[in-house]
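Shared between the two complexes below is chain A, which has chain B as its partner in the first and chain C in the second.
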Partner chain A sequence: MARYILNRVLVAILTMFVLATTTFFLLRLVPGDPMAGPKVTPEVKAILRKHYGLDKPLMEQYVVYMGNLLRGDFGWSMAARGNKVNNIIRDAFPASLDLGVRSMIVAIIMGLFFGIVSALHRGKPMDYLTVILVLVGISVPSFVVAGLLQFFFGVYLHILPVARYDNWKSTLMPTFALSLGTMATLARYMRASMLEIVNADYIKTAKAKGLSRLQIVMRHQVRNALFPILTILGPAIAMVLTGSFIIETVFAIPGLGRHYVTAMQNLDYTLVLGLTLFFGFFLIAMNLLVDFAYGLIDPRVRHTRG
Partner chain B sequence: MKGFKTKSARIALCAIALIVGATAAFGATAQKILYLPADAEFDNLDPRVLTSTIQALVQFGIFEPLVRTHDGQLLPGMAKTWEQSKDGMTYTFHLRDAKWSDGKAVTGGDFVHAFVRMFQICPASPIYDDIKNGAELRAGKVQPADLGVKAPDAKTVVITLKNPVPYFMGLIASSFGAPGREDLVAKYGDGYGASAESLASNGPFILKEWKKNDKVVLVKNPDYWNASAIKLDQVVVYVLPTPQTQRNLFDSGQLDMYLPRSESEAKDFQAKSLLHLYVRGGIRDLQINRHGQNDPVKAKILSNVNFMKAISYAIDRQGYIDNVLQGAGYPATVQTPPGTGVYPGKTWGQVSTNMGKYHPATADLAKSKAYMDLVLKDNGFTSVAQLPTFDFLTSIGPDDPKDVTGYILGVFQQMGLKINVKLATGQQFYNNLYKPALAWDICRAGWGPDFDDPATYMGYWTTASTDMGVTYENAQFDALLAKGNMETDLVKRAAILNQAEALFADNAPCIPLIWYKGEIALSARVKGFTTAITGLTTDYIYADLTK
Partner chain C sequence: MSELPQEMFIPLDRAEKAGLKTETETIAFWSDVWRRFRRNKAGMAGVIIIILFVLLALIGPSLVPYTFNKIDLHSTYIHPGRAHWFGTDLLGRDIWAQLWIGARVSLLIGVVSALSQMVIGTIVGSISGIYGGKVDMIIMRAVDILIAVPFLIWVSLFMLVLKPGIQSIILAFSITEWKGMARLVRGEVLRLKETEYVLASKGMGASTWRLMTKHFFPNLLPVVTVSMTFQVTSAIFGEAFLSYIGLGIQPPLTSWGVLIAAGINEMRYYTYMLFIPAIFISLTMLSLQLIGDSLRDATDPKLRQ
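Let's turn to the complex of A and B:
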């Protein structure tokens, strides 16, 4: 197990290195200059390029960047002048994390609940209701959900704050809007996964042993159905925790989400790199955790890999 | 009976005391707080680093230049008085006793530092090239001490110009002209201007809190020289990237200002008597790249002045404004909007003789076709279908109902032109627009004024200008503008500018389209809110709140 963990961690570090290198060079292939803008004279542009080290040979820039990266320094943002990329992430991440954790809790609880309920009532009205809910959750884009919620509860009914993120009441709508997609996906997988094992041998054995229905469902069916869920949970958590562009802009939440879009529009090399690596780190870490969790939950994984 | 009387009197007394107490407490806590929206994060509030309308909203509140404009009036600022030399080339400003929010005195040196730093690092510094040795300082040809901004003592600032331009006071009333702090720049280095603690305020308000991507809180500056005229206790600016969210907050009473994004929205507010109309600066135009992206066939067509005219006469400016914009604009037939000031008592609309003369307000398709036939003949073609495909650069997609792009593409189609739409947003638009890329044949562009004078709408077309991807490259036009800059008789100067405009409208690679109407919705409790053509376009400084 220790060797397995070490192996996975080394691969993760290598992945981060490859991610940093390819993003660094790919960004430079994008045509344009981050210092361009209205009224920027060639002289001023030259001064700015020199200030940000963009006048040096590309390989030298790469070495400097990777050196700084080892010390955990993402450098200065090129568009948000005077702001360090580390500070931008530090300022914006807490709001995204807070919203992400809330949404993930709602998504997991509700998603699994709907999945289990619909699997147990397969072919009955409860099942169809869930399937419809799931379909709506997956196919309606979040900006529609967010906009409708905002109008209905905020402007029309006046029972929730329209936007901004400053008390628990203002977290309700964004949490629900952000969790909807993940909730629907989880419910769908959970339902399929539950139905797949409903005729498995060990369920029949449990029934033959005379266990109650609740015991069979909770101890055997749900536990075994959770494995495929774990696989999709890793990336889903990484996605939700690192911010959503749409939810954050609609509800004016000062999170990371909007930076992903604006940084690329502004060709902000350092900010794009910093965000990519930050998100990449999260994704890889979550996948690692899921792998370890497999080992913990599933005895078969533990034994074959041990 | 007596006892009852006393008792009731006591109760009445208590009740009065309670009411008075409550009112006093309420009066003490009921602060006048104005809530404003901003479309994007401010990133940096140093006036030498970033200044667009977004930053200006805060910068004008926390910084006080030498002078300030408010509601069309020039007001004293850090300068109590000033005088101009006879030749109009030297201005001497006498500073009042004023303090920065950290307690230091505002000195002439703070202004010298600000202007030197502007020419050294600010992208927009060419606007100030009328200052002696400004352009030279930017190019590194002279030392900072040679700049025409000097402080002979702590209470005096002397600015020497290259040209006696009449709009100079308007220029230094801009937030670029705000003083700066050399000691804080040295202390915070690259991070200067990006945090509340790195900026000291000397304006009507102090920057108290800055939560990135969320809000900025300004509080009234008790030491401001005109503090008694400032009615607001606080101004809170929320960063709200989506217009719909701004609208929803405005409708639910949590924002005091909203800029309508469409005419139907404006009508809603008009019905509620919340809409205020104002004179707005700026022009939306089409520009033509005579170099044709180094394709000789395209270059020959695009540099043909009749090609420009063929497009211009095919555009129904009035029809588009009436039917699509529902009246939210005016047909632009020259670059400078008629509301622009030119000399006391006159606006450009009363002086210019070129409006409607070179570009039509309504389409004239027969004329358009006649011009196009000339283009075809000159280039050896027999039909429009034989013309090459032109790249049309735009930062707004044709699906946006509020933008002219969709209409213009329709005009091209009607003319039979083959067009390839290049949609580029943010920085990518500028990367395509400017040299070295110049990756377009026709471009949807425009101009916002830097100061209230026709010169701002013409100066960026001179051969030396780097404001746009292409320039006019007309020696006569350059000479006329230079002559206008040297002319101190304002009536004569207006005549020279009128001549330059006629030349430009006749054959420059630029097609004026629309001047926009300014529309703003304000909550009913806001009083004394004004607007301006340049600078702080939505001026809350002297605003008040009722209720």
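Let's turn to the complex of A and C:
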């Protein structure tokens, strides 16, 4: 187990390094000048370029950036002048985290619920209802869901605020819009996972022992069906994260996702770079955690890869 | 073993060889898939909707007397009706015409990106699976790194570098999205390598090329086709996402993403501008999803009856 963990951590560190390097050089290829503006004279531009270290050779800039990165410093934002990327992340992360955690909780609870219920009622109305929900959740793009929700509950019915994120009522629509896709994916996998083991030997044994249906379902079927679900938790977190770009933009939520979208529109290299790395590191760390959790819970992984 | 005298082995001449050929065309499998696919109502509904949309994308714009980018400031924001079937937008452009030009763009991006991802993914995946060792390790590490970051982030980064447009979007999708296909193909190749017919073929001295064309590719085709259907959906969604945040298709050209972005801005008073593209993009995604699902069931040998 220790060697497995060490191996995974080393790969994660390598991945982060490659990600930082690729993104750094990729963003230097972006055409356009973040310093451009009608009031920016050549002298001012020269001062700005010096301030951001853009006058130094590319390799030197890279070494400086990577050095700062090791100390956890993402540098200065180019568009939001005088603002450090770290401060932007610090200010915007809580809102994104709040929305992300709420959405994950809703997606997991509802997704598992629908998956279990439809597997237990296979071929009955409840199953078809879930299948329809899953298909809608997967096929309707999140911005369409967000737009339609805004229209019905905000504009038409006037019962929920159209935008912002300051009280619990304003969290409802963004949370639902963000969780729908993930919920559908989880429901689909949970259903398949439940059906896969419905004829497993240990379920037959449990039946033969005369356990009640509830006991069989809860203690044997659901429990074992959950293992494969853990592996898609990583992609599910990534889905919620990228979904937040759209949802935060549509609902004007001051989170990281919206900053990311505006930074791309403003050609704010340092902010795009910083946020990409932040998202990348966050997801890599999350995937590691999921992997370890899987190793801890499933004895087969613990022993074979140890 | 060495008791067999050389004279017992007589080389066959060409004509005799041809007569001994036992290979037959593998039509049986696909006609069986089609038979099973046809029985699935949802999948067939998906096919019909997609065919209809493709036809409308081809002829739709010419059914109305307006071009999609014709600005007419005397007829802005006309609600759907007889003059403009799906209404007009803030510049008086006909939405019906825009919708089907947008469908061309979105479907083209979806299909071409999925195809090129399939080609790249299959090539990289088979190299990885067939050669193994160091080559495999390097390729799989690259795949790990690509997977660590969601594809929308990669695609957005590439779109910042590339000039916005249809080709760039397709290029960005192709560079970043082959990883899933490569993993899938590698896994399949590793599995196929262990099968007895491949072993037999190898034993009879088949070259790697022959193994690939005769055994690997035909057997890969079902999984690859199914996965491609889903890639089309993800590319259409990706285009809409990029256009929505302003990195995708640029006006005056239009796409479903551009139309939805406009619709969300205008929904307060002109709801049809959101509803119309929303319904069409959702129906397309739904149909492709249904086709993919039922194709997966139809190609799954375990579900064969």
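Assume the second predicted complex is superposed on the first by the 293 of 306 C-alpha atoms of A that agree within 3 Å, B and C clash if a C-alpha of one lies under 4 Å from a C-alpha of the other, contacts with A are read in each partner's own complex, and residues count from 1 in each chain.
The definition used in the following text is that contacts are C-beta pairs under 8 Å (C-beta built on N, C-alpha and C of every residue); 3 or more make two chains touch, one makes a residue touch a chain.
Here the structure is a predicted model, which is why all the values come from computation and not from measurement.
Peer 1: Is A:Trp76 touching the first partner chain B, the second partner chain C, both, or neither of them?
Peer 2: In the superposition, A:Trp76 touches chain B alone.
Peer 1: Contact-wise, after the overlay, does A:Phe151 reach chain B, chain C, both or neither (first, second, both, neither)?
Peer 2: Touch partners of A:Phe151: chain B and chain C.
Peer 1: With both complexes superposed on chain A, which partner does A:Phe279 reach: first (chain B), second (chain C), both or neither?
Peer 2: Touch partner of A:Phe279: chain C, not chain B.
Peer 1: Go through the superposed model and pick first if A:Leu211 touches only chain B, second if only chain C, both, or neither.
Peer 2: Neither: A:Leu211 stays clear of chain B and chain C.
Peer 1: Look at A:Gln265 in the shared chain and tell me whether it touches chain B only, chain C only, both, or neither; answer first, second, both or neither.
Peer 2: Both partners.
Peer 1: Examine A:Leu26 and indicate which partner it touches, taking first as chain B and second as chain C; both and neither are also allowed.
Peer 2: Only chain C; A:Leu26 stays clear of chain B.
Peer 1: With both complexes overlaid on chain A, does A:Val250 touch chain B (first), chain C (second), both or neither?
Peer 2: After superposition on chain A, A:Val250 lies in contact with both partners, chain B and chain C.
Peer 1: Based on the superposed arrangement, let me know which partner A:Val117 touches: chain B (first), chain C (second), both, or neither?
Peer 2: Neither: A:Val117 stays clear of chain B and chain C.
Peer 1: Pick one for A:Val198: touches chain B only (first), chain C only (second), both, or neither.
Peer 2: A:Val198: touches no partner chain.
Peer 1: Same chain A residues contacting chain B and chain C, which ones?
Peer 2: Touching chain B and chain C on chain A: residues 31, 147, 150-151, 155, 249-250, 265, 267.
Peer 1: With touch defined as at the start, can you tell me which chain A residues reach chain C in the complex?
Peer 2: Of all residues in chain A, those touching chain C are 11, 14-15, 18-19, 23, 26-27, 29-31, 135-136, 138-141, 143-144, 146-148, 150-151, 155, 238-239, 241-242, 245-246, 249-250, 261, 264-265, 267, 272, 276, 279-280, 283-284, 287.
Peer 1: Across the complex, what residues on chain B touch chain A?
Peer 2: That would be residues 40-41, 43-44, 46, 49-50, 120-127, 138-140, 190-194, 211-214, 238-242, 244-245, 248-249, 251-252, 254, 425-428, 430-432, 434, 437, 466-467 of chain B.
Peer 1: Spell out the part of chain A that touches chain B in their complex, as residue ranges.
Peer 2: Going through chain A, the ones touching chain B are 31-34, 36-44, 47-48, 76, 79-84, 88, 91-92, 147, 150-151, 154-155, 158, 162-165, 249-252, 254-255, 258, 262, 265-267.
Peer 1: Give every residue of chain C touching chain A within the complex, in rising order.
Peer 2: Residues of chain C touching chain A: 141, 144-145, 148-150, 152-153, 156-158, 160-161, 163, 233, 237, 240-241, 244-247, 260-261, 263-264, 267-268, 271, 274, 278, 281-282, 285-286, 288-290.
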